[in-house]
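Note that chain A is present in both complexes that follow, paired respectively with chain B and with chain C.
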Partner chain A sequence: MRTSVPIKVLAQLGWRNLWRHRRRNIMLMGAIVLAVGFVLLANSLLRGWQAQMLDTVVANLPGHVKVLAPGYRDDPSIQRGFQLPADYQPDLPGVDSWTSRVRVPGVILSERDTRGVQLVGVDPQRELAISFLADVELEGEFLQDSEDRRVLIGAGLAEQLETSVGRRIVLMTQGSDGRNREAGFRVAGVYRASSSGLEKVFVFTGRRVLQDLLDSEAVTELSIRLVENGQRAMARDLLQRQFAAQEASTWDELEPMAASMYKFADTAMLIWFSIMMAALAFGLVNTLVTAVMERTRELGMLRAIGMQPGVVLLQVVMESLMVVSLGVLMGIGMGMLAVYSLSDGIDLSEWTAGIEGYYMSSVLVPVLLPYDIFRITVLSLLFGLLASIFPAWRAVRVEPLDAMRR
Partner chain B sequence: MGEQDYVVQCHGLERTYHDDGIPVHALAGVDLEVERGDFVSLAGPSGSGKSTLLNCIGGLDRPTGGRVVVGGVDLASLSATELADVRLRRVGFVFQSYNLIPVLSARENVEFIMQLQGIPAAERHRDAMEMLDSLGIGELADRRPGELSGGQQQRVAVARAIVSKPVLLLADEPSANLDSHTTEELLQLLADINQDRGMTIITATHDPAVMAFARRRIRLVDGLIVSDQRDQDAED
Partner chain C sequence: MLALFLAIPVAAQDARALVAGAIDLTRGTTSYAEMSMQIHRPDWQRNSSLVAWTSGREDALIRFTAPAKDAGNATLKDDEKMWTFTPRLNRVIRLPYSLMAQSWAGSDFSYNDLSRTDTLLHDYTLSLLETRQDEDHIVYTIEAVPHDDAPVVWGREVLVLRDDYVLLSHTFHDQDDQPLKRLEAMEIGEKGGRIFATRMRMVKLDEQDHWTEVSYDEVQFDVELEEGLFTVYTLRSGAGG
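Coming up: the complex of A and B.
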């Protein structure tokens, strides 16, 4: 007759053994709590960075998906524009906001200096819903509509040009006929963005005004922000069908470096998790082996009175998993508390210049996803399970007779 | 006497160890038959093979030659898992150092074997309490081994060994850690179990007091049985 596995007995024995070596198990649990807590916190900070990165990249004019004319990315001129019907509305699911723009390279001149910039003709109200302009600090006024003949310039550029709100500047660019065009504009406002790079590059004016200057009815880009980042590939494919003669791209195709960093954040989470868990696993295996060695006689006796080898293995694994599970649960709790305590974000403004290149803003807010909690919990338990297999195997290898002689 | 009347049958039993490559014959061809309901003591000097013989009979050690049949089951043909099952269901063990599980109470220690056997909670609880009561330690049922004296622990160990009614009780130096008074009590207990329950008992011992309680006294020297004496009363 075969014996069924007495799970309840093992659970009872395991639980009591947990308290039998209280100090050792509390120290072991403490190590697990710290490791899991730090992993969750680090994970949340990396997720926060990812979220910021995505927001920053999408807001820095690409949107989640964008339609451009073929060749525009190599030669961004009005000749590479395309016509968009006046009553155009995107026929896509999950659209959060959208806009069309005219964006061409140009030169801005003040009475003090001259700089190369990107001239961007916008519909101001649409632009506020999709781009970083919604979050800037503005001195002066925002543009009124697409026929506003004034410009918005960044604070960094204003400093270089030694100009300010209300002063006049001149914009020069190449028209649709290939001839140079220039016109005078008054500065409506000076914006301060999260990145000084943005401030020095983008000069905004009304879309109709820039089209008039370029002598064209075309736009150079259609930019769409989606509710869900995960829908971008589907949206791109739909747009590609609707604009067969143009090129539809997602933000990660347009900004490969940002996309690499975004993916790197995922890898970094895994690397950080693996390092912490590997360090923990060494300690765990060591402690569990010690625990098994200390109980060699007892385990031998259990075998002698008829406990099956597989049941002994299960008992050691179960005891280990009890310690690990308690540690992981408390670690998740500690990590969540740490994330909660940092919910206002970590002020990184002292390092603003250094972190701009990583698409970060001056305040890093941790982001805690239920999926990450689940993943860290499951993987930690899996690590615990793996770490308990060797000690359990050692326990099974105990010969009852040898053990009882000790 | 038919085969079914023997609880233990050993034929040409050999157990050879290798100590630094040198063979040591712990058992050198033992023939032994133990009848149902017998009380046997295995005696002999250290290294005589008495514990090895006990371990081979209990399925804790595998002989290198010969056969051991316990309750009609030839142990040589069994896997480690099957041997564990024999130990669980057919053989009760009482060890020199009691070997109780320290985190379980006396009652839980007694119930433990039955839990491994899959006996329902109510039944094993009742049987365990009856057993502890019958051995005179019912009031200690909720105490853990650390809270019991050596003699009380050994009584719990006996209760655990016999509660599931094995065909054979093996006791290896059961009095080694007990004083003479407690030894006397333990031996009386084993004698009662043997007589009242008809349980077959084999002990391995140095202790003349233990030998005196056995009805059959076997002496081993150098892995061989050199004498096998039975009480005249029992013979009559």
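Coming up: the complex of A and C.
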């Protein structure tokens, strides 16, 4: 019906058109490469942060679901503990591991320094199955059992206190009668965790030992790790029924800040992407419009000898897509290269003090998800398509007669 | 000298008796003292004056009288509890135990140095290291090693005590046996009818030129103290001084 131009010829034409303004188009492509590359890198850094956050929050001490006494969160003291039968076993489906702990604020002292910490009395074997202690680097020994009268401290804390394995430190805290308790303990081991924040906060000792020091039989928390993160709400409801007098909560209820930051990271990725692309759009549209204006006479000629408006439109869109897809491909390549070169992580320890509040550890390892590569590629191509609509429309509107008269 | 050659338990008992004697010396006595304190650092030093009332080793009230900017700042000790008062803030603060190891009024003394009472007898294994004759006195060197579960951070402490219970020095070693700080008697004399170290210096041994010296300008022992002197009320009202 119409004298249609084969796609191959159109592509050839487009490709040659691009090479007519080599410098301009290479610069445009370079901008796209940079933008896409950086978006991908930023994206994987945010993903890395998210992964870390979930780790910190779930693995570190909360577990997926937790039972606490009412009021413990506002006033974490041994008075706000509860009794757990000695032979307690959680009656829940999908339990990966569980433990009970005594966790109270306290103070640790060495010859040289004094620090505020969280004292955690643990059943070492259970604790190993559930918390971050399972995969820390440990210098010295792990605690033997819940009667072990020694402590486990983090490397960051050991450094601050200038103490080490085998030395004595003093722990102070408030007993069940509200009076001060203090005692000396030997350091069994020094652990190196993923975040120096953890290292400086948690001091572990045997559960029975801490209970003795506090003069109490109670535990302050029951912490359960599930096989599936998605089952946490159901597990919470079951626990709430079993522990009617206590409060059962999921990790995102206990750490609403972390939960909302986790969600925020998703939004941040989109915002970041949109800003980069919006900035690029001006460049792309401008270049394409210029290319069309320059070729007014030529386009008029093509129309005059019978090229359909649709083909002209296709031609411009194709040129745009060529630049964009080349740029996106190379940008993704660059981004991946950047991510791999950073696969050891970025050491943020210089700024660690400031970032720990954001559930980050001192080394940020970017995480590259196939889904993100796919999403960025598709969105970028879509964007290239959108950006070419206005220039293409301009090209279609060229009147052959006016154009030829120029 | 004999003690050195006797069996160890006897020596240990001797050390214990000596420390107990030194502690008993101040038990049940009251005192009023006017003191000056000098905090010395490599590039500056600060002099202040203070007055102190004590009753035994349990109660103490210390109030700064000079310089003007510190005047009125006070510390109250009642057994193991301590409070501070700052008139400019007009607030009494009960010191959390966690702060007891911190420096008192910017000096080289910690709150613990002011507050510890009989812990040497309860929490340490005491032994006599050396006995020597020094002019008119026998001088004992006593080693105090804290029990494993004692709330003491030091590796060991070494006390040098005269036979009249005057403490000549008290050195705090870390767990590598590095001496970290030492309380030294700089002058021993008679004031208020008693012989004691009238000028003492706490020296930081791991830092150059860090020390704090306290000297007694005026002391009275067994004074009549007004009722309720060692209370938060007195601390706040600035009474007594």
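As a convention for this text, the second predicted complex is superposed on the first by the 226 of 406 C-alpha atoms of A that agree within 3 Å, B and C clash if a C-alpha of one lies under 4 Å from a C-alpha of the other, contacts with A are read in each partner's own complex, and residues count from 1 in each chain.
One rule holds in what follows: a residue touches a chain if its C-beta (ideal position, glycine included) is under 8 Å from a C-beta of that chain, and two chains touch if they have at least 3 such contacts.
Predicted, not measured: the structure shown is a model, and the values here were computed from it.
When chain B and chain C are set side by side, the one touching more residues of chain A is B. Looking at the shared chain after the overlay, A:192 reaches neither chain B nor chain C.
Shared-chain residue A:21: touches no atom of chain B or chain C.
By the touch criterion defined above, A:375 lies against neither chain B nor chain C after alignment on the C-alpha atoms of chain A.
Of the two partner chains, chain B is the only one that A:401 touches; chain C does not reach it.
Contacts of A:297 after superposition on the shared chain: chain B is touched, whereas chain C is not. By the document's definition of touching, neither partner reaches A:208: not chain B, not chain C.
Of the two partner chains placed by the overlay, only chain B lies in contact with A:13; chain C stays clear of it.
On chain A, the surface touched by chain B in one complex and the surface touched by chain C in the other have no residue in common. Within the complex formed with chain A, the chain B residues making contact are 55, 58, 60-61, 80-81, 84-89, 93, 95, 97, 99, 101-104, 112-113, 115-118, 160. Taken in their complex, chain A has these residues touching chain B: 1-4, 6, 8-9, 13, 16-17, 19-20, 297-298, 301-311, 400-401, 404. Residues 107, 109-112, 114, 116, 149, 163, 167-170, 172, 180, 182-186 of chain A are the ones that touch chain C when the two sit in their complex. Of all residues in chain C, only 80, 96-99, 101-102, 146-155, 172, 174-175, 180 touch chain A in the complex they form.
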